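First chain written, first letter: the chains are A, B, C and D, and each begins at residue 1.
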Amino acid sequence: MSTAVKDTHAGVRSRRQGQFGQVMHRLRKNKVAMVGLVVLLLLILMAILSPYITPYDYAKTSKANRYALPSWEHLFGCDAMGRDILSRIMYGARASLWLGLMSTLVATVVGVLLGSLVGYYGGKVDNIVMRILDIIQAIPGMLLSIAISAALGSGIGNTILALSIGGIPMTVRLLRGSILTVRKQEYIEAAEKINCSKWRVITSHILPNSIAPVIVSVTMGIGNTILQAASLSYIGLGVQPPTPEWGAMLSEGKSMITKYPHLCIFPGLAIMLVVLCLNMLGDGLRDAMDPKLKN
Amino acid sequence: MIRYIGKRLLWMIPVMLGIAILIFSIMYICPGDPASSLLGPSASAVELAAKREEMGLNDPYIVRLGRYLYQTFIKFDLGTSYKFGTSVFAGLMERMQYTLVIALLCMALQVFVGTPLGIMAATHHNGVWDRVSMFLALVGVSIPAFWLALMLVLIFAVNLGWLPTSGVSNGLASFILPCIANSFAGIASQARHTRSSMLEVIRSDYIVTAKAKGLSRRTVLFKHALPNALIPIITIVGNGMGMMLGGTVIIENVFAIPGVGRYMTDAINSRDYPVVMGGVLILGLIFSLIMLLVDIVYAFVDPRIKAQYEGRKGKK
Amino acid sequence: MKKVLSLVLALIMVLSMASFAAADQGASVVVGLAGDPGNIGPFQGMGLGRIGILFTTYEMLMVKDGSEFRGCLMKELTQVDDLTYDVELYDYIVDAAGNKLTASDIKFCFETAKADGNLPKLSSVESVEVMSDYVARFHFTALAAGDLESLLMECPIVTQAAYEASADKMATDPVTTSPYQVVDYKTGSTIVYKRNENYWQKDELLPTTSKHNVDEITFKIIPDPVQMVNALKAKEIDISAAIDGSYISDFMGVEGFDVTQIPDNTTKYLIFNYDSIPSAAERQAIAYAVDVEDIIAFAFDGIGYHAKTVGNNKYPDFVEAWNDEEYYEYDDEKAQALFAEAGVTAGKTYRLIYNVADDNTRIATTIQAALGDYGINVTLIPYDNALFGTYKYDDKKSGEWDIMLDEGGSSNLLTNVWKLTLDARDQTYDKTVGHVADEKLQSLIEAAINDNSAENMDAFHQYLKEQCYEYGLVSKVNNLAHTTVVTKAATCFRGQILPGACEY
Amino acid sequence: MAMLSVKNLTVEYTSEGEVIHAVNNVSFDLEKGQTIGLVGETGAGKTSIARAILRILPEPPARVPNGEIFFEGKDLLKIREEDMQKIRGKEISMIFQDPMTALNPIMRVGEQIAEVIHLHEHCTKAESVEEAKKMLEMVGIPGERYYEYPHQFSGGMKQRVVIAMALACSPTLLLADEPTTALDVTIQAQVLDMINELKQKLNTSMIMITHDLGIVAEVCDTVAVVYAGEIMEYGTKEQIFHNPQYPYTIGLFGSLPDLKSDVDRLSPIEGLPPNPADLPKGCAFHPRCPYASEECEKEHIELKDIGGGHLCRCCRLREIAALKAQEV
């Protein structure tokens, strides 16, 4: 493991933590990442507590309040059915965060597993898996989702499946690309020669050196996933009205956008906030995992 | 290398066959009735059932699959659209011209605006420029495309009257707003990926080596760092190009552009089987070719990867 | 770099403005269409986008002009016997290619259309016989009330010579007898029509659908509702029937714009699934519990009216007396009493299925909220068009919904609206869409269809209302927003804009 | 004045809010044609010294708060970046420790050498290619391998390329940062011989950074022992090898396997190097020093001449001498 014998400027070798511990330690010191994490946790907390803390009933319609502009009574205004947008955003966090985060997570985990596999083994495995991905990627996402809904039925699990399938090929391709460039480096060969298990070679030598583009792409993709979730409710997946969900709120408000922009702006901002936090966290995570920054 | 390309091209045959069978099966599973969109809402259930029978939709799976594969791969005929009454291939190509213009313009914007932004952010790491451009990038990926599109229309078309609100009948002018709206997220993601990749490369030893040679900052950056940093970006650009050629449904809808995306979504929604299946096949072929191109470009810029491709050939 | 870019941009803008200016402002009109007509050939099914361009593209034997039926290509209609009629054509009809239209072309059109199977109504045309150059004899298998007119209006007519000269069965380049001919069709984008200078008919004999007050008509397909508004505001289109209700105030009483409101022929109604809601009291309770005025406010921005039956009151066979009847106007007490009678208690759940669209979602949500006041839960099941169609008519899927929000309309008769969901003969199983197998209902609808006299109509309507198998909610109103280039907007009997008949 | 004169050089890194003192007040001189060895453990700050001289520290996080580096009369820390670029690779060049990562993976090796020649020698592209091929031949690589990529080379060959690159413009000062650490033992000797030979031929001065005393013995004229960013002992090779005074230096020799004696095992220095973010007060080595007393912890100890230009930073030299005498 030749990199380890590098003369570094400031060795802090006294800490004998595991790799994970080190990553967490560095992450904790990254203020920006921590702000992202804290806000994200607050949002999750808000989602969990939303049935108790929303100012109004998220489903309560009111003719008088149709398209009401933001005011003290309704901070974010009301939608076309006269429902309080703030309450809907707070409650909508449940579905949106759950669907968005979970399907991103599933896509990433599967994508990273497959990507490491094809990047590491190359050859036949690579060719076959990549061609299968070519096939899957050729099928429009909406069709896949309809097929999933038809074959497996509705339900949150199937929604997550439908949402995550689209993200897998990109993750695999990104990871494969960057693994190809580190695959033949001496420290990998060295690690193999000293009989590191393949699992260990992949997790502690290859992945940390090639994961960066995946993190960037994943953290940027979450907003899109939340938006996509809205389009699934028409085919029996996703969340059914009146349960609010940010993507659906956005698309409901879409036709009013130039007339009553607040219908779109607030759910849009909510999505942006999540994307922002995840990006801050993702950047921190990437820096924390980067072996070149160790010590 | 040529053998590698040849092999990949050969591989495309099973891939196409796989796509055909998969898409056929999916369409078979997918509920929804093409007859109902053909005959319209005032057709009764009995009339619809008769139409389905006439269209051969009630035949068993294997018969229909066989018929479809024979049509497609032996007679090279993608069939005729239920909705448009014209050849699927011709319809697709007609719409591809718009999609191609948009995809190329957007890709150009993405690469030529996003990359410099990313480089700037990386070389001013943690500086004001970095923060500003990364914030913009973040806004870029999280703004829904339709929102941006409609805002641009409101300003430049409705209020200022400089550009048309929608359609494709005003030449290049018709494509300005769609391309800006569509490439925003691409530019943002390109900038972020470039930055991330550049930061990684800038910390490499060989960059220190290059500096130690007495090369100017510019040379180090553009001759040594950038080519290395762009390697992972190739995937992003290739993937993005492939996706865009598949059509950008939101933008095409908002700007009323008769592109591939709208053609396909309409077809999916109305269960226009020939268009969906033919379109998926053609787009899959295009996508596979682009992915092959990506891999070739990879080998071209990175001799290590080229060696792996050729090594693979050697083992055989 | 920046300078070059801005220069290029400026150049593009100048060019694009020049191209705007170059466009001929003369006697031309641009119509915004929300739906894509797709194949514009003569014998296609009535897909959603097609109806917008149908009467500009084609002429039929008969048309409905206002509320009366009249000949268009047909000069005289003579009854031979119950199921046989002679149609006499004008003897001077030529299409845009100069082909004379004769009785053999009529035979050709009906036979081709029947064979293509896209116009299923034509199955009751047994055969068409050529009697002389300009007389065609129609043999029908059966004729219910109003069928004769609707059959003669159903099939667009072209000459056999022109049809056979077309490479793609006129899918993109129809040559017709109409005063407007397609000169350019960019599928999915625009269809441009020019006036046929050699149009055959004399001005004094023109039906509304064949009027030609303008030289050039462009249909522009704009699927996005906000963009439709923007295009009208930017005056890139002159008229559109697809302006969202909430934007109507932007054009009403605004300088340079005007709005014409025309009742639409479609009505929203609820179908109750008899399998899960067999009690009439329960169905009535639901009808009473839903305040249609709320629905009109929430879903149609106050523009629309409470239906008086399943279907709207524009049809000739609509019985005027119904307008003064009570029709399940919102009544909390009655609803409560009826729910109690039916034994429905709080906590009950209905599954409401609907075709997803902004207005339907809001109607469904309003119903959900209304029943929520009684402690009744409503699960909303939205489906896209293709899926909804499957669920609506598939017997096997009928266990998956309790209430269906549907929409229906017809070109001529109220009975045709009823027929679609209430006539068991029109289903693949012997029940109505709501799974009702009620002999009395069936005999009443058959009577009404065969003879739509006021008594027959009223008998069926009263029985349907009493049983509340289906409940009419809202009859829609079309908002035609236009620039003042159009001084008077005109529509066909299907509520579609007739650009040639508008006044300028 | 000496060709190179480093005065009170200090390098700090800021990492996660901590200030790491990597190099503290290091001073030394180097004459033309001479070689100085910087000896010390990994992490002692040797590389930072070399990189500071070439001004290629990663800034941020690195910072040079004070110090002067006079090279042929100019203070390298004060001249403009453009002027520094003319010095790098031409007058001062550096051989890097890890040949595996020091070469640009997507550039032909020859080009990487030709680049530096073309830059500094104001010759045509073609001439620089010829010259680069010659350099390759000089380090024992056939000229036709000019067109190959780094991944086609073994570690030793890569290091030869790095050396060829460093020597391509006949620098007056060569900074060799553990040039052989990453190599096999047999190749180590070859590379070392080659450096020595080339140095003689070009009359180049050199700073040899290493933790291998064998290399010091082979190539250096003077030696500076670096510990925790400070020079602890400085003298001619003979002074250091024959008469090591500083306990750490003594320890280093103790850890050297002595083939002549019958010692079964090495006697390594106990403990770990200090955390540079939190250096011990007083003598930085005292926590590990077998001779340490309370005196060592009290205050910072100055470098003292103990005769003949032999410098040492220890306050207990006399006691150590006495102990040593007892042992013998």
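The definition used in the following text is that contacts are C-beta pairs under 8 Å (C-beta built on N, C-alpha and C of every residue); 3 or more make two chains touch, one makes a residue touch a chain.
Given the structure is predicted, the values throughout are model-derived calculations rather than measurements.
Novice: Both chain A and chain D are touched by which chains?
Specialist: In this structure, the chains that contact chain D and also chain A are B.
Novice: Tally the contacting C-beta pairs at the A-B interface and at the B-D interface, and name the larger one.
Specialist: A-B
Novice: Of the chains shown, whose Cα mean is nearest the mean of all protein Cα atoms?
Specialist: Central chain is B.
Novice: Between chain A and chain B, what distance separates the C-alpha centroids? Give it in angstrom.
Specialist: 21
Novice: Taking each chain's centre as the mean position of its Cα atoms, how many Å separate chain B from chain D?
Specialist: 53
Novice: Give, as an integer number of Å, the spacing between the C-alpha centres of chain C and chain A.
Specialist: 44
Novice: Go ahead and note the Å separation of the Cα centroids belonging to chain B and chain C.
Specialist: Taking the mean C-alpha position of each chain, the two centres sit 37 Å apart.
Novice: Any chance you could list the residues of chain B touching two or more other chains?
Specialist: Expected reply: 31-32, 146, 150, 154, 203-204, 231, 302, 304, 307.
Novice: At least two partner chains per residue is the criterion; list those residues in chain C.
Specialist: Residues 226, 230, 384, 387 of chain C each touch two or more of the other chains.
Novice: Give me the residues of chain A that touch two or more other chains.
Specialist: In chain A, residues 146, 181, 184, 254, 257-258 touch at least two other chains, as defined above.
Novice: Provide the residue numbers of chain B that touch chain A in the complex, in ascending order.
Specialist: It comes out as residues 11, 14-15, 18-19, 22-23, 26-27, 29-32, 138-139, 141-144, 146-147, 150, 154, 188-189, 192-193, 196-197, 200, 203-204, 231-232, 234-236, 239, 242, 246, 264-265, 268, 276, 280-281, 283-284, 287-288, 291, 298, 302, 304-305, 307-308, 312, 315.
Novice: Spell out the residues on chain A that touch chain C in their complex, using ranges where they run on.
Specialist: Touching chain C from chain A are residues 59-61, 63, 66-67, 80-82, 146, 233-236, 240-242, 252, 254-260.
Novice: Inside the complex, what are the residues of chain B that reach chain C?
Specialist: Interface residues on chain B, with respect to chain C: 31-34, 36-51, 54, 81, 83-86, 91, 94-95, 146, 150, 153-154, 157-158, 161-174, 176, 253-259, 262-263, 266, 269-271.
Novice: List the residues on chain A that touch chain B in their complex, please.
Specialist: That would be residues 122-123, 127, 130-132, 134-140, 142-144, 146-147, 150-151, 170, 173-174, 177-178, 180-181, 183-184, 212-213, 216-217, 220, 223-224, 227, 250, 254, 257-258, 264, 268, 271-272, 275-276, 279, 286, 290, 292-293 of chain A.
Novice: Report the residues of chain B in contact with chain D in the complex, numbered from low to high.
Specialist: Result: residues 126, 203-206, 208-217, 224, 227-228, 231, 301-304, 307 of chain B touch chain D.
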